[in-house]
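Going in written order, the chains are labelled A, B and C, and every chain counts its residues from 1.
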Amino acid sequence: MSNYFDALSVLILFSSFILMANKRIKSYIKTFRIQSLLIALAAGIMGIKGSFEEGRIDILVVCLLIVVLKVIFIPNLLNKTYANIEYKVEKDFILNIPILILMCCALVVFTYFSLSTIDGINAGIINTQVVNSVSVILIGLLFMISRKKAIGQIVGFLVIENGLYITALFSTHGMPFIVDVGIFIDVITAVMILGFMVFRINEKFESIDIDKLNNLRG
Amino acid sequence: MGFFLLAIPVLAVLLFLFFKKEKLLYMISVSASICLIIVAVLITRQVMLWGKVEYSSLGGIFYLDALSIIVLDIVLIIGLMASIYSVGYMEEEIKQGKIKIGRLKIYYILMYSFIFTMILALTVKNMGIMWIAIEATTLASAFLVGFYNDRYALEAAWKYVIICSVGIAIALLGIIFLHLSSIGVLPSSDYLDWTALYDQAEALNTSIARLAFIFILVGFGTKAGLAPMHTWLPDAHSQAPSPISALLSGVLLNSAMYGIIRTVAIVNRNLGSGVYTGRLLIALGILSMVTAAIFILTQKDYKRLLAYSSIEHMGIIAIAIGIFTPLSVFGGLLHMINHSFTKSMLFLSSGNILQKYHTKRISGIKGVLKLLPVSGTVFLLGLFAIAGMPPFSIFASELSILASIFAIKSFFLGLVFVILLAVVFVGIALNLFKVFYGPAVENNLSPGEVNTPGLMAIVTLLVVISLTGIVIPNELKVLITNAQSIILGG
Amino acid sequence: MRNIVYIVVQILVIMLVSPLVNGIIRKVKAFSQKRKGAPLLQMYFDLFKLFKKNSVVSDVSSWAFKVTPYIFFSTALAAALLVPVSTIVTPQEIPGDIIMLVSVLALGRFFMMIAALDTASTFGGMGSSREAMISSLIEPSILVSLFTVGLICQSTSMQQMMEAMKGTGIPLFHPVYIMVFLALFTIILAETSRIPVDDPATHLELTMVHEAMLLEYSGRHLALMELGAAIKQLVFITVLVNLIFPHDQLIAITGISAVVLSLFLYLMKVIFISIAIAFAEVFTVKFRFFSIPNLAALSFILSFLGFLQYFVLGGSNV
């Protein structure tokens, strides 16, 4: 069974590499959708397993929430936000893509070496999944640093959140239900607030390039 | 009783939704805060009598002990002061045409959501829900930071949400690891439960708990404004409306620090000593003090200067918790209280100055004492207080922290600590004391105070910090001692 | 004896099947565009026709131009001998492994680039410089992905790797192999001039890579080059299908019928992968030439992640 999770975790990790290789905001959103779908799949498999073995259905409910929120709602919201702001073709990333991808690769290696010294995680099969999912978090952080557009940063934040969720899912088989739901509410609110701010930034700065946000210093 | 703590802000938000009239909004706000204070006094009494208060509703997630009641009381008292001050402040803003009357409603709704999330963060014992509430504080206050809706405020708000959300996401990773370290130790009904984690702390997986602590320290440290994750803080504090700056600085930072303190208690009990957490906390604390000292020396904006001073004081609290002796923890908690009161007083009085002079630049302000006799005096005394002069309360807490540093014989740390305090004092004196001198009327500003309710608030705070500097009330001493034994164990 | 049987079967299967792969891909693409398309066996007819014709050789070109078709074809065939199509028909010993495979193919490519430069036509030079760039970007990921499998199977011989892979159940659900599979698939697209990298159907001067190098060839020489390229493509597909979808463990019988069944299953897998390649071509657009490093980086990352997963999983328990 854990083979499936290993395979899914590595696919989720790879989807964040694809995200890093994407150039356009539309493709960020698409890749995020695919990644969330993979996460929903992992949660679904785990939920079905949990409901048969222990009779708990909370992971299935969370899986449903992921599908509704992260696969459908948030990407649509981002698409709508993006459609409503003035479209400008600008170079979005700071370093070129192969270098960024190699940096991500280094992050995975780094995660591996830092987590392999932790004896509790190292025990057994959990290791792969935890390394992969923690790497997703770090890649999300790098993605946020490497993109200049505001929407890119929102997607980076969401990828970090995805990484956190699968870390929790793979390492501890899900947080307590109420915590999971609360995290979802927070994420949704955060994305809505950030999406709204993107509008405002576009209005005031006539661009969604966050390099322009440099008035406050010192 | 604890039910009212959460119900009153919710009720207030609902009432704000239904009413439009200015006077009514002010009334609801102030009376809600007063009700909260009354509830807080009653609960504080309960906690002092029984040691802790637990509620069985919602799976027993609500829990209060001496540590949380201290921070909670700070939240509610500063909340009351901010809401009293807001009456005069907002009236003046509307009169000056800076905001429209319709926005007042939004202001109050957001402010009470903000207070609600902070109360929630402090009254739950489930670390996961505490995380959710602390993340929610960011979201609730995002539009408060960007309330003026100009380029600067928007930039500050964007940085605030992005940096704090990402930071706090890292804290969630830490909490996940803490959860992982407890798997197999705790029954599934007690997952993430702080009291259970603390009771079973020795049985947790040590290396995962250590890892968890790093993530939680970085995560909540971002929210608490510890350097080098502090970059959002000066922007947010300087761009927010002054009552909100007071809440952010006096209350929000403490809530995040509270999360760190809870984790430190678990991890130190697990490790059996405070060395590991202490090194990290002291390093971050010193770094924060250094950063703050440098920026205070070269600061041109008085609200930003106050914000950097908040970073410095958070660093002091982190050092105090890092030393982890009874005296230092006592000093740290006391410092938390004193800093909150003093700093919110300063932010509130700087709001009066801002409304009078319409500038945040220090060079644009002269003769404050003549134009604003009361606010100016409070501001002057507050600056002395925040810099650590006797007889104000910050002197007492800084002295006890310093004493605890020398008591564990780390003279180098003590020396650095003293030097940094001196540098900060010089910076404040150098930059800010010039606003009190000079010709009073330079650009046709008429003397006189604008915000009468606000004066009440700041004078009350001044009286409080002066009195507690001379003598600490016995009740407070008991509470802090209880909290200290919660943190230290035994 | 076994060696002779192996060589005969290997050469026959590879030479016969390789033009079919192109036929299938073209057919699927034609269907996707609502055309009927050329017949499935069109490439056989083309090759047959070309072999009958004389080739024209430019008089400014040197010997390199003339020997290249033979070298290219024979290296492709030599590579084909290193990759068994079925693990039932095996030689006693193959004196070559994956490193040999990659370098033999590189030799053929080297001569092809030399020949394209030799005629001094603009397109030839352009094509070979592009080919050099693409192949140098893709080669690390071929080696890393094959080494990953080799590490797990404790051998670099393709035949022994295939033998070992028979025992792994369904490798596609395994984190290492899933990455290796995706990497090899990307490599096939890049190495065989498929659409995100190069367009085999175009003779548009700005975009062509592989075709640009063949532009000066005609008749018999062209037939050899085309067949060599098709064989190279089939070799990569064989590596992919026989490593990731091993089939010989399913065959319970022995003897000559087992060989036939095994080859039939192999053919099915090749057809399946060809259709998959065709779909990949249909659903993607050609990249800008300067975006190819991104694709190469992704494919390298795929193989590297596979490699890393092997270590993360702890090696021996795979």
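What to note about this one:
Quick note on the criterion: contacts are C-beta pairs under 8 Å (C-beta built on N, C-alpha and C of every residue); 3 or more make two chains touch, one makes a residue touch a chain.
Model, not experiment: these values are computed from the prediction.
Of all chains, C has its CA centroid at the greatest distance from the CA centroid of chain B. In terms of C-beta pairs in contact, A-B outnumbers the other of A-B and A-C. One finds 65 Å separating the Cα centroids of chain B and chain C. If you average the Cα atoms of chain A and of chain B, the two centres end up 31 Å apart.
Averaging C-alpha coordinates per chain places the centre of chain A 36 Å away from that of chain C.
Interface residues of chain A facing chain B in the complex, by the touch rule stated above, are 117-121, 134, 137, 141, 144, 150, 153, 157, 160-161, 164, 167-168, 171-172, 175-176, 178-179, 182-183, 185-186, 189-190, 193-194, 197, 200-201, 204-205, 210, 213-216, 218.
For chain A in complex with chain C, the touching residues are 3-4, 6-7, 9-11, 13-14, 17-18, 21, 97-98, 101-102, 104-105, 108-109, 112, 125, 127-128, 131-132.
Those residues of chain B that touch chain A in the complex are listed here as 59, 61, 126, 128-129, 131-132, 135-136, 138-139, 142-143, 146, 149-152, 154-159, 161-162, 165-166, 169-170, 172-173, 176-177, 179-181, 183, 188, 191-192, 205, 207-208, 211, 234-235, 238-239, 295, 298-301, 304. Residues 172-175, 178-179, 182, 293-294, 296-298, 301-302, 304-305, 308-309, 311-314 of chain C are the ones touching chain A in the complex.
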